[in-house]
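Chain lettering (A, B and C) follows the sequence in which the chains are written, and residue indices restart at 1 in each chain.
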Amino acid sequence: MYISPRAKIYTKYISPTAIVLGESTVGENTIVDNNVVIGYPTRRSLRSLITSNFEEGYYELLDKASSGSKIGKNVHLRPGTVVYGRVVMGDEIETGHNVLVREDTVVGNNVVIGTLTVIEGHVKIGNNVRIESGVFIPINTVIGDNVFLGPYVIITNDKYPLSRRLQGAVIEDGALIGANSVLIAGVRIGRKAVIAAGSVVTKDVPSETVVAGVPAKPISTGEKYKKKRKLWEEGRI
Amino acid sequence: MYISPRAKIYTKYISPTAIVLGESTVGENTIVDNNVVIGYPTRRSLRSLITSNFEEGYYELLDKASSGSKIGKNVHLRPGTVVYGRVVMGDEIETGHNVLVREDTVVGNNVVIGTLTVIEGHVKIGNNVRIESGVFIPINTVIGDNVFLGPYVIITNDKYPLSRRLQGAVIEDGALIGANSVLIAGVRIGRKAVIAAGSVVTKDVPSETVVAGVPAKPISTGEKYKKKRKLWEEGRI
Amino acid sequence: MYISPRAKIYTKYISPTAIVLGESTVGENTIVDNNVVIGYPTRRSLRSLITSNFEEGYYELLDKASSGSKIGKNVHLRPGTVVYGRVVMGDEIETGHNVLVREDTVVGNNVVIGTLTVIEGHVKIGNNVRIESGVFIPINTVIGDNVFLGPYVIITNDKYPLSRRLQGAVIEDGALIGANSVLIAGVRIGRKAVIAAGSVVTKDVPSETVVAGVPAKPISTGEKYKKKRKLWEEGRI
C-alpha cells in the first residue's frame, strides 16, 4: 500500500495493496480493492521528472507526478482498476475488474463500468449509465444519462487514422448500443436510439430509431422496439 | 497473501500475493499465480456487511463475505485471475492472464480459458473446451464438451436491452465459433456447427452447418468444412 | 518484489511489486510499474519442474523455469504488463495496462502497445508501430514498420479451427487497420493498405488499397484516402 501524504481517505475498506496518489480524495464506504491505483500520472509528467533525473524511488516518482482524483462515496473500485489524475467520479459507482479511467474524465452518479472497460481520458459520462465489459471509449467521447453500452462496444475518434483531428462520438440520453458495435468517429447517436449488436455506425442516428448492419441502416422505430421488448420479457418471442 | 482460516490448500505452488477466501479448496499441484483471488464475494454480500457497519479490515471483509470455491488439481490460474464464490472448477484447467470467473459457474476438466476472458456467472462449461483470449460469456450461457470459442467471441443474453429477461445461448458439443463473432441472446448452436469469424448469429444454427455473415446465413456443411480443413492442413489451400 | 539473482537492472524506477525473472535485462530510465512481470515462464517449463517435484517456493519455481527477456531503455511497462521469456523489446517502447507479450517475440523501437493488447508469442513487430487497446495478435504474425492497428483489431492464424496449421497474417509497412476488424489466417495486407473499421478480411489486400465490409472488398485507393484525411483534418468533412 502507498497512500500519498496529500491524499484524503474517508473509507476504512481499502486494500493493503492499493495505491492512492497526489491530492486524491476517496469518499465514505467506498471499497478500494486489491491493486487499485487512484491518481496514476500521465506520461508527460512522469517523463519530465525522469528527464530531470528524479532521485527518489518508484512510489515517490508516481506521487510527485500525480494530480490526484476525486472518488465519491459508496463507490466500489474492483481489483486492478486504475484511475488517472484529474478524474472526478460521483457516488454509487461500481467498476468491474481491471477497468481503466484516464485523465480529465468526469463520471456522474449511479454508473456501472464493466470489467476491462477502457476510458481513454477527456470523456464525459452522465448519470445512471450502464457500461458492460470490454467497452472502449476514446478521448473526447460524450455520453448522456441513462445510456446502455453492451459488451465490447468499440467507439472511435479518428475517422482517417492517423490524422491530427480526434472527434469524439456523442451518445444522447437513453440510447442503447448493442454488443460489439463500432461507432465511427464523430457520429451522434440520438435520444433513445437503438443500435443492434454487431453494427458499424458510420452516420448520425436520429432519436428513437433502430439501426443494424455493416454499415448500419434504419430497420425499425423506438416505438416498435419497446413493443418487441415487452413480448420478449413475457417470453412470447 | 491472505489465506482464509477456512480454506484448504493442497498445493505448494502459491504466490505470496494470492488471496484465497472463505471455504475454498485448491487441489494438488495447482499453480496459484501472482494476484490471483479465489472466492471473491458478490456485491450483495459485501454491501450487506458494510451497511451493518463492519468494523474489521479489508481482507476480513472479503473473507467474511465469501462463499468459497473449489479448484481441482493440476490447474494453472495465471496472474490476475479472479474466481468468485460458489464456483466449481475441475482438474487440468488452465486460465490465461486476468481471467474472470464469476459466481455459480461450473467448469469441467481439461479446459483452457484464454487471457482476459470474462465468464459472468451462472455459466456451465463442459469438458475439453478451448476458449481463446477476450471471450465474453454472460449469465445463463451453457457450453457443451469439445467446444472451441475463438478470440473475442461475444455472447449476449438480453435480446432487447434493458429487458428483465436474460436468456443464455446454448452451444452444443463440438461446435466451433470463429473469432469476434457475436451470438444473440438465446440462440442454440447445434452439434459440430461452425460459425465463421466475424458473424452475427441471430437465429439457431442446425448441427453440422457452417454459417457466416451479418446476419449469419448457412454457407456450407460440416462435411465440406472437414475436407477444407484437411486441404488447409496439407498446405493445399 | 522479486528480482532474479541472474537479472541485470539498469533503471531505478522499478515498483516494489514488480517481478523480474531469469537472465533478464532492463535498460536505463525504463519504468517497471506495479505488478509487472518480466521473463514469465512457458507452461512447458513450469510443468516439467512440477512433475519432477520441485521443492522450493513460488518465486523460485518461476525463476528456475524462466529464460529471461531483454527490455531496452526509456521503455515504460505500465501496471500489470506481463512479458514472457525470450522476448526482445527495443528502446522507447510504451505498453498500456495489463498488456501481455508472450515468448519468442521481437519488438522494434518506438512502439506503442495499447492497454489489454495480447501478443501471443513468436510474433515480429517493426519500428514506429502504434497498436491501440485490446488488439489480439496470435502466433506467427509479422508486422512491418509504421503500421497502425486500431482498437480491438483481431488477427487470427487458423483458417479452419481446430487445425494443425497456424499461419500468421503479414502486415506490410505503413498499413492502417481500422477498429474491430478481423484478419483471417494467412492474409497479407500490402504496403500502405487501409482496412476500414469493422471489416472481415478474408483475402490478401494489395498495397495502397482501401477495403471495407464483411467480407472486405476494395472501395477506394490510398491516394483518395490521403485526400479525404486532409479534408477531415481541415474540418471540411
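Some observations on this one:
In this section, a residue touches a chain if its C-beta (ideal position, glycine included) is under 8 Å from a C-beta of that chain, and two chains touch if they have at least 3 such contacts.
Computed from a prediction, not measured in an experiment: that's the story for all the values here.
Look at the contact of subunit B with subunit C and you find different residues on each copy: under half of the numbers used there are shared.
Put simply, subunit A has to spin 120° for its C-alpha atoms to lie on subunit C, with the angle rounded to a multiple of 5. Computed from the mean C-alpha positions, the centre of subunit B lies at a distance of 24 Å from the centre of subunit C. Annotation for subunit A: residues 17, 35, 80, 98, 116, 134, 152, 180, 214 touch two or more other chains. Those residues of subunit A whose C-beta lies close enough to touch subunit C in the complex are 17, 19, 35, 37, 40, 43, 46, 50, 57-59, 61, 80, 82, 98, 100, 116, 118, 120, 134, 136, 138, 152, 154, 156, 159-165, 180, 182, 184, 200, 214. Looking at the complex, you find that subunit C touches subunit A at residues 12-17, 29, 31, 34-35, 76, 79-80, 94, 96-98, 115-116, 130, 133-134, 148, 150-152, 176, 178-180, 197-198, 213-214, 225, 228-229, 232-233, 235.
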